[in-house]
Amino acid sequence: MVDLLTIIISKYNYWGYIVLMMIGLYAMIVKKNLVKKIIGMSIFQTAIIFFYVSIGMKKNATIPIISHGHDGGEHAVHAVDFINPLPHVLMLTAIVVSVATLGVALALAIKVYQQYNSLEEDEIDSQIKVK
Amino acid sequence: MKWFGFIAVFLCGSLFIYGTVEFPGWGDPLSPTSTHVSPYYIEKTMEDTSVPNIVTAVLADYRGYDTMFETAVIFSAGIACLFLLRQMKRKKTDFRLYRHTATGITFRIEKGGKLPPTAKEFERIDGLWTPYDLIIKTTGRFIIPFIQIFALYVIAHGHHSPGGGFQGGVILGASFVLFAISHDLRSALNRMSEKLTAFFYTLGVYIYAGTGALCILLGANFLDYSALATILFVDPVTARSHGILIVEIGVGIAVMAVMVILYYNLVSAGKFDEGL
Amino acid sequence: MSQHFPAFIIVIPLIAAFFIFTAGWLKRTYCFYIAAVALAISLFSSFGLLLQVLQNKVVVYHFGGWSPPWGIAYRVDYLNGIVLVVSAAIAFLNLIATKKSVEKEFIERVGPFYALYVLFVTGTMGIVVTGDAFNLYVLLEIASLTGYALIGMGTEHAALASLNYVFMGTIGASFYLLGIGYLYIATGSLNMFDIASILPNIFQSNVVLFAFVICLTGLFIKMALFPMHTWLPNAYTYSPSPAISLIAPLTTKVMVYVMIRILLSVFTPSFSFKSMAVNTSFVWLAVIAIVVGSILALSQQSLKRMLSYVMIAEIGYMVGGFWLANRAGITGAILHIINDAAMTLCVFLVAGNILYRVPGDSFDNLKGLFRKMPFSMGAFVVGALSIIGVPPTCGFFSKWYLITGGIAAGHYGFVAALLFSSLVNVVLFFRIFEIGYFEPFGDLHISGSMDEEEKTFDDAPLGMLVPLMIVAAGLIALGIYTDTLVTKVIQFAIPGGIS
Amino acid sequence: METIVSIRPFLAVLVSILAVPLIVSTRRTNFREGWTFFAAFAKFSIIASMTPVILDGVEIEYTIAQVLPSVAIKLKVDAFGMLFALVSSFLWIVTSAYSIGYMRRLKEHSQTRYFCYFALSLSATIGVAFSANLLTLYLFYEMLSFATYPLVTHHQDMEGRSSGRKYLLFIVGSSIGLVLPAMLFIYHMTGTLEFTQQGFIAGIVPPKLIWILVLLFVFGFAKAAVMPFHSWLPAAMVAPTPVSALLHAVAVVKVGVFCILRVLTGVFGTQLLFSSQMDTVVLYLASFTIIAASLVALSQDSLKSRLAYSTIGQLSYIILGAALLSPKGMIGGMMHIAMHAFGKITLFFCAGAIFVATGTKNISQMVGIGKRMPVTLSCFFIGSLSVIGIPPGGGFISKWYLILGTLEADQRFMLFILLSSSLLNAAYFLPIIYKAFFCTPEESLFENKIDEAPPWCLVPLTITAICSIFLFFYPEPFFSLAKIVSVGIFSGQ
C-alpha cells in the first residue's frame, strides 16, 4: 500500500498525461462531429507535449537559462542546477507540428462543410449513401 | 459505440498507467534523461555558443536542423491551407456595395453603374459587412503596437530570456490577427496583403535554409554557424551566437506570416472577402 | 562537394520548394522546371551516396558540425542507401510523368502543388536518411501534412477521406512520438545508434517494452497494416492522380522501412526477435492483412480503390516477411519495399493516364482501353504481372525470397497466404484486362477494319508515356538485377546475427 | 558431358521477340507477314545450326542473368530441348504461311496483334525447350501462358472471354498454386534448381515429400492436360485454327509435357522415381487420361473438339513413355513429341481449311466433303494414320518404341492400354474420312465440284502431311536426338 502510494506520488505527472491523452482518444473515437474530433486530436497531441515537458523536470533545479551568462563563464555551470532543456526544445517543435496539423485539419473541415453543408459524420454518411 | 469507445480507451489507459510503473520518479535528477545527453548542453552551451538561454541554443544550433524542418512544417501548413482553400476565381456578383466613410451611408450599385466622382470617400464593403465597433477598433489600434513591440523583444531577446523566433513570431502574428478581428478582413488585407504574407513566409524560411546553405558554401557542414565567422568578422563562438539570432529572425518572420495566412484562409474559407 | 550529399538530398528540394512557391506567384511555368532540377539533383546525390556507401559502408553527416548524440546526424548505410535511391527516382519520374496531368487538374494551383510535392519528397527522403529518432518524427509530419493537403484536393469525397487520414495519421505519428519519448526516458538519448548502444543494458525494463509496443502500433497505423488500414482506401481512391502516384509508392513503403530501421538498428534484433511467439503472431497479423486485403480487393468496382486494397495486402507481405526473422524473409521484405514502390508507381501512373483520357476509373469506364490506350495498358500489364509475381518482373523475386523465408521459418500459413494473394491478383488484374480487352462487345469481323483501329487510338500524351515506359522497363530490369541488388547491397543491410 | 558457351540459344529465343516491334511498326500487311517469315526462318536456321553440335553429344550453355544466389536465368541446349525446339520452330514457318491464308480469307480483325503474340509465344516455347533450370523453365512457361491468352481470346466475344477465363484459371492457377510452391520448396531444401542428368534431389528431400512434389508438378504443368486438369484445352479451341494448330497441338501442350518430362528426369531422376514407386502413379494417371480422353473424343461432334480430346490422350502417351523408365519407352515418348506434332498439326490445318472453305465445324456436316476437298481430306487421312500409329504414318515409329518400352519395363497392362487406345483413335478418326469420301450422292452435303481452301492454307498442310510420311521412312535427326537423351538418362543404370 505504501509502495503504491509512493508510486502514485512520484508518478502522478505521467498519470495526468495519460488521462488527458485518453480524453483526446475518446473524443476521436466516439464523437461524430468532425470539429469535436479535431479538438480531440488537439488534446491528444497536447497530452504528449505535457508528457515530454514533464520528463524535463528536475528537482531543485531552475529554468535552463544561465543567469550569470554575461560574466563570461567565470562560474562553473553544474548540470544538476538546471532542468533538462532538451524536452522543451523538442516540444517547441511538436507544438508547431500540432498547430500545423490543426490548421490543415481545419482547412479540410471547411472543405468538408462546403461540400456537404454539415460536419456531423452521420449526416455526411447518409448523403454519401444517397448518391 | 460510446461504450465500446470508453472501454477501449479505459483499457488502453490502464495499460499505459501500468507502463509508468518502472518510470523514474518525477523530477528525479538521476534519471537517464537528466544524466545522459542533457548535461552536456547545460555545461557546454556557454563555451560553444555563448548563448545563456540553453533552450535557444539547443533549438537553433545543436538541433538546428530539427528547427529548420519545424519551419518547413509550418511553411507546408501555410501552403497546404492555401492549396486547399484558396479560391482563385471569385464569383462576380451583380451589384457592389459601397459605404460613404464620413456618414456611414451604404450604396448599392448595380452592374455597370459608376461611383460618384468623389470616389475616395467611399469604401467597398460586402453583403455581410457590419460597421466597425468604435470601442473595439480603438482598443485594438491602441494595443497592437505594444503587442508588436513585445513580439520583437521576444524574438530579439531569445538569447537571454525565455523567448525566441517561434514565440515572438506567434505574438507578432497575433497582432495582425487582432487587427483583422477588430477591423475586418478587407482592411487587414489592405495593410498586409496576401502576396506580402506569402513573401514573408518564404523570406523566413529562405533566411533559415539560406544560412545553412551559406555554411556549406563557406566550407563547413550544413547549419554549422561557426563558418560564418569569416564573413561576420568575429570568433566562431560569437558567430554561432549571431547565427542563432539570424535564424531566429527568419523563424519569427515565417511563423508570423503563416499565422496570418492561416487565419486569412480559415476565416474566409479561402474567399478573402468578408471573414469575421 | 560530395561529402555534402546527405544534406543536398534533403536541403535542395526544401529550398526549391520555397522557390517554387515564389515562382507560383510570378510565372507558373517555372514551377515544374525548378522542381525537376531540384529532384534531379536529389536523385544524383542519392546515387552518389549509394556509391559512397558501397565503398565505405557507412556515410555520416553531422548537421551544424555537432557530433551525435548532441547534434543531429544523418547516417546512410546499405539499408537506407538503396531505399533513398528508389524514393528519389520515383519522385523524379513521377514528377516528369504527371506534368500534363498537373497542368490539367491544378491550372491555378501549380505553384502550391509543386511546392507541396517537393516538400513531400523532402519529408520522405528525410525519413529515410535520418539517424535521429525525433528528427524522423518532424520529417514524418512534413510528409504527412503535405500528403493530407495533396489528397484533400482530389475528387468526390476527397476532403472527408483526407480528414480521416489526418486523424489516423496523427494518432499514428503521435504514438511514434510517444514511443520515442519512452525510449528517451529509458536512455536519455534521441540518436538511434546511441539508443541502440544503451538499450542492451536495460532490455528487461518495462519501459523499453512499452516503447517497443507503442512505436510499433504507431508505425502500423501509418503503414496501414490491417486492421489499421481504414484510412487508406478512401484517401487513395479520391486523391488527385498526379499526387497519388507519388504518395502511394512512397508513404507506406517508407513506413515499412522505418519499422525495419527502428527494429533492427534501435531495438536490435536480439530484442525485437527474442521471442518466437511474438514474431509468429505478427506474421499471422500479416497473413490476415494479406488475405483480407486480397478479398476486399475482389469486391471493388473501381481501379484505384482496387489497387489500394492490393496495396494493403502488399503491406502484409513486407511486414510478414520481416517478422519471419530470418535472412531470406528480411531480404524479401527489403527487396519488396523497393519492388513494390516501383510496381505501385507503375500501376498508379497508368491509373493517372487513364483518368487523363477517361472521365472516371470505375470498371465501366475501362471498356475498350486496350484499343484506345495500348501503351498505357501495356505498361499496366507489366505492372500487373509484377504484382502477380511473374518472372522476370521484379515482383516475382521479392515474392521468391519471402516464400523461401516462410518455408525456412516453417511458417506455411504465410506461404499459403502469399500464393493465395498471387492467385487473387491474377483474378483481379485479368478482370480488368478482360474489360479493357473484350468490352464493348461487338462483331469485330464486320466492323473491325484496320482504319478504325487507328481512329480510336487516343493514348496519353508522349510526356506521360515515356516515363511510364521507363518505369515499366525498370520493373523488368529490377527483376533481372535482383541478385546484384541482393549480393551488393541488401545482404549487408541485415545485421550479422540473423541466419 | 562436354559443354560450350555460345549466345546462339539466346538468339534463338530472342529473334521472335525482336520481331515484335517490327511487326507492330509495319503498316503494310505484306511486310508485316514478311517479318514474321523472316523471324521464323531465322529462328529455325539458328536452331538447326546447333543441331550438329548437339548430335555430337555436346551441350551449349548461355547465362542471361544471375537473378538469385545460386540460380541464374540460363539456357542450355541438350538433345531433348533440341528435339522439341526443332519441331516447334520448323512448324512455326509452316504455320505462318497457313495463318496468312486463314486470317486473310476470313478477314479477321487485329491481325497485327495476332502475329505479335504468335511470335512471343514461339519465343517462350523455345525458351522452355532450352531452359537450364527450373526457374528459367517457369519463367518461359508463364510467359507462354500470358502470350497465348490474347490468341485464345482472339475473337473478343463472350465465348472467347469465358474460354480465356478457363484457360487462365487452369494454366496460371495451377502454375502459381502448384508449381511455384513445389519449386520453392525444392530450392529451399537443395539450394539449387539446375537440371542434371540424374536428378538432384535424391537423398535430400524426404521420401514422403517426393510423392507430393511429383503430383504437384504433374498436375501443376496443366498445359500437359493430364486429367482432371484438361478441360482448358477443348475450351481453348475457340481460338483461330492456326493457333489451335501450332499452340494447342504443338507448342503449348508439348511445353506442358516437356516440362513434366524435364522435371521428372532432371529434378527427380529415374532412380528416385523408381525407388519411390512414383513411376507407377504417373503411369496410371497417364493411362487413365489416355483412355478417358479417347472415349470422350468419340462423342465429340465438333471437329476441333474431337482433335482436342485426341490431343489430350496423345499427350499422355509421352508422359507414359517417360514414366515407363525404360530406354526404349523414353525414346518412344520423345519421338512421339515430334511425330504427334506433325500428325496433329496436319489434322488441325485440315480442320481450319475445311472451315475456311465451307464454314463447317461439325463432323456430322462433313459427309461427302472429300469430293469437294480431296487434297485436304487426303492429308487428313495421312495425319490420322500418323496419330493412330499405322504405317506409313510417322506415329507408328513412336508407338512402336512405346510398346517396346512397355515390354522392356514389363508393364503388360500398359501395353494393353496402348493398343486399345490405338483402336479408339482409329474409331474416332476413320469414320470421318470414310464418310467424307465414301458416301452416296444422296447423302453428300456438298456438290461434286473441287473447291479447295486458298493455296496459302493448302500448301502448308500438304507439307506437314508429307513430312509425316517422310518421318516414317527417315526419322532422323529426331531419332538420334531421342537416343542421346535416353542414353544420357539411363547410362547410370
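The letters A, B, C and D name the chains in turn, as written, and every chain counts its residues from 1.
Just so it is clear, a contact is a pair of C-beta atoms (placed from the backbone, for glycine too) under 8 Å apart; a residue touches a chain by one contact, two chains touch by 3 or more.
No experiment lies behind these values; they were computed from the predicted model shown.
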Result of counting contacting C-beta pairs for B-C and A-C, higher pair: B-C
Length of the line joining the C-alpha centres of chain A and chain D, rounded to whole Å: 70
For chain A paired with chain C, centre-to-centre distance based on mean C-alpha positions, whole Å: 29
Gap in Å, rounded to a whole number, between the CA centres of chain C and chain B: 32
Separation of mean Cα positions, chain D and chain B [Å, integer]: 75
Multi-chain contact sites of chain C, meaning residues that touch two or more partners: 134, 138, 141, 145, 148-149, 152, 159, 184-185, 190
Set of chain A residues in contact with two or more other chains: 25, 55, 86-87, 90, 93, 97, 100-101, 104, 107-108, 111
Interface hub residues of chain D, defined as touching at least two other chains: none
Interchain pairs in contact, sorted by label: A-B, A-C, B-C, C-D
Interfacial residue positions of chain B with respect to chain C in the complex: 16, 19, 21-24, 31-38, 40-41, 61-66, 68-70, 72-73, 75-77, 79-84, 86, 88-89, 195, 198-199, 202, 205-206, 209-210, 212-213, 216, 220-226
Footprint of chain D on chain C - complex, ascending: 385, 388-392, 397, 400, 403-404, 407-408, 415, 419, 422-423, 426, 430, 434, 437-438, 441, 444-445, 448-449, 453, 479-484, 486-487
In the complex with chain C, residue positions of chain A that touch it: 25, 28, 34, 37, 41, 44-45, 48, 51-52, 55, 86-87, 90, 93-94, 97, 100-101, 104-105, 107-109, 111-112, 115-116, 124, 128
Interface residues, chain B side, partner chain A - complex: 1-2, 5-6, 8-10, 12-13, 16-17, 20-21, 23, 25-29, 33-34, 37-39, 41-43, 45-47, 50-55, 58-59, 63, 66-67, 69-70, 73-74, 76-78, 80-81, 84-85, 160-162, 164, 166, 255, 262, 265-266, 269-270
Chain C partner contacts - residues on chain D that touch it in the complex: 64-69, 73, 106-110, 135, 138-139, 142-143, 146, 150, 153, 155-158, 160-161, 164-165, 168, 172-173, 176-177, 180-181, 184-185, 187-188
